[in-house]
Every structure is written in structure tokens, then in C-alpha cells.
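Read the structure below first, then the notes.
Chain naming follows the written order as A, B and C, and within any one chain the residues start at number 1.
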Amino acid sequence: MAIEVRNVSKRFGDFVALDDVCIRVNDGALTALLGPSGSGKSTLLRIIAGLESPDSGEVEIADEVVTDTPARTRDVGFVFQHYAPFKHMTVHDNVAFGLTVRKRPKAEIRERVSELLGLVRLDGLAERYPSQLSGGQLQRMALARALAVQPRVLLLDEPFGALDAQVRAELREWLRRLHEEIHVTTIFVTHDQEEAMEVAEQIVVMNKGKIEQAGTPRELYESPRNEFVMSFIGPVNRLGEARFLRPHDIQILPSAAGEGTEALIERVVHLGFEVRVELKLGDGRDIWAQVTRESAQELELHEGQILAVRLPEPRVFAA
Amino acid sequence: MSFSKLGLRTIALGYLALLLVGPVAMIFYRTFEHGIAPVWDAVTAPNAVHAFWLSIEIVAIAVPLNTAFGVGMALLLERGSFKGKVLLSTLVDLPFAISPVVVGLALVLVYGKTGWFGDWLIGHGIQVIFSVPGMVLATAVVSLPFVVRETAPVLRELGTDAEQAAATLGAGAWLTFRRITLPAIRWGVVYGVVLTTARALGEFGAVSVVSGRIEGQTQTLPLYVQGQFENFNITGAYASAVVLALLALATLIAMNLLTRRTRRRTAV
Amino acid sequence: MSATGSPTASAAAPRRLQAPALLGGGRAAGVLGKGMIGVYLSVLVLLPVAALLAKAGSGGLDAFWREVSGPQAQAAIKLTLVMSAIVVAVNAFFGTLIAWVLVRDEFPGKRTVNALIDLPFALPTIVAGVVLLALYGTNSPLGIDVAFTRASIALALLFVTLPFVVRSVQPVLIEMDRSMEEAAASLGAGPLTILRRIVLPTLTPAIVSGVALSFARAVGEFGSLVLITGNLPFKTEVGSVYVFSQIQDENLPAAAAVSVVLLAAALIVLGALTFVSRWRSKHVL
């Protein structure tokens, strides 16, 4: 089910949360709304879900205008950052909730819940209460609950924000695989650029209520449209007013002099596979370069070393 | 959705108007219906004045007692280490479950002339029941739990970290209490004192049993109100009731102002 | 450094610090404090309750039973229990509704209304009776006169127990996570379903707590009833009033016996509440 948002605006008092936003999500796609806090991404998601209504603009799901339809009848699945479990119900009853509301027969409910619990790997926990589950388990339960009613669209609001790094990584991977299996149009909100790049097929970068750019992870990384997108996605060096360099594009030359710009190594940081080299250029500017372990070893990089670097053409954005 | 919201609001406010606001407004109206003069006369009648001061006197003794012991009991519950905390907690809460009249009866059974200590008290010339000490006692019992119940949770939430830090820095027991613990719990204590005072001022049943209700001698203001009513002196009854109601409103205001200080979760 | 320092920095320090300086420290002070509190509680609560129980049982079980099952005593006890039960049921409904409106709704004067809820706590019970009499008694401007009827008992009890359920439910409502309701809505639940299956179950422990406290209060209520009910035996005489009349007649064993029944009723309900809430928090929370 494709989703289309046209010219949606929303304010809360004096605060402009969304300013004339338009996006299109293809049927079956896995899309991320990426941006810092206050960018409007959660508001946009909640408007798509029907939990908020826009001040102006339209929302369409599967070519049907749903702007005035409440969440209840919009047939969307929503997963909250803090899982919103029904604490007084068992895992089974949580997952079954949407189905009991639709008055499905008991046998059908039991079967479907069982199937879903298997899918999210929570079998055997059906009779537990939310207070007895871990964060990761609760989030999987929330997903199963949302999927139980076979929604047209699945929306996740910072689904992994409240979890430990390790669990977060596991669940990211798991979400992607789930999507491959189920193919529901999915949108998730995140402020974590790495998460968006890793999981989503399409990313919509937002800032201060506006869309900065939308595209595949690769497109955004290699052809950022402006300064914000470039610095939000991927590491960046800023050279003066509006000139930007990717650290891994900076080439460190073997000490044979002649080419390139002179630079002094101020610090070498070993981050496992990647090595970060903080440099001071001849003209006093500070930049940092990213090299592999091998290169660092080969060039015998160390603090205080003076060598030459080749800087690529910086990316310049119109003001 | 907003139709039903309006409906709910109307029902709730209507209920409160009929049960709470209406009657209180009515009393003020009826009291001052014929002007201030009769009210003033009623309120300044000697027995009324005596009742007022007697109430104040009793409160002035019972409340500080309950405050001091209340804080002590809260400390015992939250900082003490001994068996029998459950017993202590139960005893503290018991006055909530006992009818005031029963409190009076129980006190008579211990301190009355046929009570457990009756003979001993008479022998030492001490009169408890039918006299002010008994009324103080009764008032103290019914208003016992408040300071404890308001202070204990604050103590619990506060935790012992600051006190332990003080100990490691060499502070003794009293100093730690005075400069670390007490400032931290003060609003809880104050709120408890306000509740205690309100309860003590308004006490009726227990004091009724214990006092003998002798006009001009052992009548507190609430008892005076009843007395006036029974003597068909409606103006006198209403006037004194209004005095008590005004004190109650003052209590309400104090409670409300303190609500934010103590971070109670009923401020809306 | 601390070897010569405060009493708390003694060799037995680790365990002592758990009950820091305050009561463990000055040993003598601690014992004295506990002693004084012990005496205070004995004088005020322990001895009187013991004397009450002793008096009630002083003639043996037979005498106790006789006092408690006399027609007038029975009438009073039944009236108290029935009226209290009715009143707490009404409170459960209206108290929750009022708490809901105070937390979820906005209107001018809301803060004042919220403050007024505590009025029954602050107002002397005798004044509550006078106040209700003014509006619903003999000279009622509304033409509603419930004086000397059973309805007046309900009225007075509703007044004095108003705050319990409201104040019990409010904090829970305030803390409640709205996303549960949104989740239910996104799953297709309508407002009534959300109320029934999500909101009320979450509020139930608080409502039960408020109800138990209301009941205990209602069973013992006295001051607000003396004027408006007329205290007519077999008609409008409640348990506490019966006890009072027996004291006046110097029939202390009868008074003590019925007192014990009333006390037991309150304690049983309060005890049941504690039991249920412990069971629940082990199970669900």
C-alpha cells in the first residue's frame, strides 16, 4: 500500500512541527524518517497513523484519502518507542487484542497469536505478563500485536531507542529480515543515522519541520543536496564557509615529499578496523582523515609525524 | 467526542455542586441572611468564645505532640532496624479504622473512673475523663497518623545517601538530623501538620464521649455547635459553624499551596 | 582519620551505617527515643484498644453475642453496613468520574475545583452535618427535605467520603501512559472499548484502595450524622450512634461489643485490600 503525504503542515502553539511536507512511500517499501529531535519526524509519523491530524494537507494510503479518518479505522499498525504494553494483560492477550476487538472467533485468534509469537520468537511466553519481559522481548511483542490485524501499513516510532546497543543491533537486523518476509509498507522513525542507513531502503531526511532530501542510503551519502544532509549522514570535515570533505577521501601520501599539502599528525586514534588520524594543515586548519588499519601500519603513522596529504575537491553547497 | 466530554464534565461538576458547594454556600448565606450583627453577637457570646479558646488550647497541645512523635515514628519506620515495624505501622494507622466514638469509649475504659487506671488516677488527684487532659488525649489519638503518613514516604524517597555522606564526614546523629534530614523532609512534615491541625480542630465524636459536654467548661467549638443546635439556637450554631468552616477553608488553601512543594501527584 | 571521630565511624561501621546516625548512632538516644515512642503509642492506641477488646469479651462469648444480637444493636449494625456499602459503590463511580474530569479535561476554575475536593477532609464533621441540613433539611430552599430519613445517612456519608476515591485515582491517571490508549485505538478499539479494557483495569487497584478507605471511614462516621438523621432507633440510628447512646446509658459492655463489630468490619475490608494489592503486584505489576 503506497503512502502519499501532500503539503502537510502542523503547529503546536507557536512551534512549527511540520512545514508543507510532501513525501511518497512506495508499496512494500521499508522507509526511514531520519532527523534530529524536533525535526518533525514523529509528528509526521503520527499524522500518517491518524493519531494526530494535520492543520493542512492530505494523507493518502493506497490511493485513498485518509486525512480525516481516525486511527481506529485507518488500518495501520503502530509500534511505540516504549512499547505501550497492556500491562494488565498477558502476552497472548496483548497480541490478540486487535483481533478480539474485531470479534474474531476464539480458535482463529489462538492460532494467529501462536503463529505470530513464533514469528517474533516469543513462543512459550504467551502466558507471561509484560513486567516479566525484557525490553527486546517487549518490542517484539509490540510488533506482533501490531501485525496481528494485518495492517496495510506498519509504522514504528523510534522502536529501538529505549534498548541497549547490543539488543538494538540484533533487532535492526531482525526487522529487516521480517520485512523481507512480510513485505508490509513500513516506515520507521529514528535519529540514528547508522540505523537508517543499515535498515532502510529509502531514507527521508528531515530537519526543523521540512524535508531536506529523500533517497536511497547510497544516494544520500554520495550526492547530498546540502550541508545538513552531508553532515548528518556520514562523517564530515568542514573547511571554511561551505566546503566539505569526507574523511576517507583524504589520501595520506607516503613520506616522499613533493605532492599534496603538508600536515602534522596531532593524534592517532585506533578504533578497531578503522583508524582516525587528526591532522593540522600547514595553514593552521584542523581536519581528520579515516584510514584502514593496514594503511596506518604501512605508513607507520604516529603522533608528531609530518607528512603530505592529498585533499580531494571539497563539496560546495549553495548558500 | 467532545459532546461526551462535556457531558462528563457536567455530571462531575453537577455532583460536586449538589454535594459540596451548594450546602457550604447555603450555610454562608443562611448565616449572614439577617446581617452581620446577629452573627457577631453569636460568635462573641461568652460560651462561644470559651469554646473557641478551648479548641485552640487542645490543638496547641495535641498537634506539637503528634508532630514530634510523628516524625520520630516516621524515622523509626524508614530508618530504624528492629522487628515489629509491621506492628508499629498498624498501630499508627489504627485511628483511621476506628470510629471516633469508639476512640472515646476506649479511652474511658482505660482512664475513666471505672477504667484500668481509674483508681490510680483518682488516688493521685488526676482527672482525665470529663476534663481537658482527656480531650487532649482523644484529639491526639484521632489525629495521630497524619504526620507519620506524610513524612515516612518522603524519608523513603530521600534515601540514606546524604545521611551516610554526613556520617562519613564526622557528623553525629542529632546534627545529621537537624541539618541534613529535617530540611529535606520539611514540606512533608508541614503538610502533615496542616492535616493534623484540621483534624484536631474538627474532632467531634471522641471528644464528645470524653468531655461530658459541659457548656462553658468542656465544650470545644464543634461540641458548642451541636449544643446550640439542640437548644434551637440556630443562629448561634450557624455562626460557630461558619467560623469552623472558615478555618477549614484556610486549611484547604494551605493544603493546596503545599501540594506543589511536596510534589504530591494530585496537583492538576 | 575517623578513628577518633563520631560514634558512627566505629569498628562495626558497615552495618551500623545502614540505619545511619539517627537512631543507631547514639545508642542511648536511640533506646530512649524508641522507649518514648513506645509509651506514647501505648497510652494513645495500644492500651485503649486492649481495654476495648477486654471489655467486649468481659462477660465471655455469650455475653458478647447477646449484646451484639439485640434487636436495636442489630438494626444499627445492619444499617451501618448496608449504607456504607451503598455509599462506597456510588463513590467508586462518581469518584472515578470526577478524577477523570480533573485530570483529562480543561476548564476555567479547574484548580479551584480540585482544591475543593479536600473540603470534607478539612471540615469538621459536625459542620458537615449542619451544612447538609441547611440545603437538604427542614428549611431547604430546594424543597428537598431528607432530615430524619435513611437518605440523609447516605447523603452525609457521601459527603465525608468524597475525597477518598478521587484522590486515590488521580495520581494513577496522571501517571498513566497515554500510548496504551493510542495503541488500542490504532488496533481498532473505540472509546468505550478502550475505557473498558485498558483504562479501567489500570485504575482498578486505585479504585479498590479508595473504596476500602471510604468504607472504613463510613462505618465509623458519627459527627455528620447526629444532627441530620435524628438518630431514631431502628430507623436512622447507625452503629456509632448506638454505641454513643449505650455509653450515655453507662452500658459499657454493650457499647464495647458493638464497637468491636464495627472495628472488625473496617479492619477486614482494609485487610482484604492489602492482601489483594500484594497479590496483584506479585502477579502483574
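Just so it is clear, contacts are C-beta pairs under 8 Å (C-beta built on N, C-alpha and C of every residue); 3 or more make two chains touch, one makes a residue touch a chain.
Predicted model only: the values in this text are computed from it and were never measured.
Compared with chain B, the chain whose C-alpha mean position is the greatest distance off is A. The busiest chain interface, judged by C-beta pairs in contact, is B-C.
Each chain gets a centre from the mean of its Cα atoms; for chain A and chain C, those two points are 52 Å apart. Chain A and chain B, compared by their mean Cα positions, are separated by 58 Å. Chain geometry summary: the mean Cα position of chain B and that of chain C are 15 Å apart.
Residue positions of chain B with contacts to 2 or more other chains are absent. Across the assembly, chain C contributes no residue in contact with two or more other chains. On chain C, the positions that touch chain B within their shared complex are 2, 5-9, 17-26, 29, 33-34, 36-37, 40-41, 43-49, 51-52, 54-55, 94, 97-98, 100-103, 105, 107, 110-111, 113-127, 130-132, 134-136, 141, 155, 158-159, 162, 167, 170-171, 174-175, 191, 213, 216-217, 219-223, 226-227, 239-241, 243-244, 247, 252, 255-256, 259, 262-263, 266-267, 270.
Within the complex, the chain A residues that touch chain C are 49-51, 70-78, 80, 82, 84-89, 97-98, 101-102, 129, 131, 142, 145-146, 148-149. Across the complex, chain C meets chain A through its residues 177, 179-180, 182-190, 193, 197-198, 201-202, 283-285.
Touching chain C in their complex are the following residues of chain B: 1, 4-5, 8-9, 11-13, 15-16, 19-24, 26-27, 30, 65, 69, 72-73, 75-76, 79-82, 88, 91-92, 94-110, 114-116, 137, 140-141, 144, 160, 163-164, 166-168, 170-174, 176-177, 181, 195, 198, 201-205, 208-209, 222-223, 225-226, 229, 237-238, 241, 244-245, 248-249, 251-253, 255-256, 264-268.
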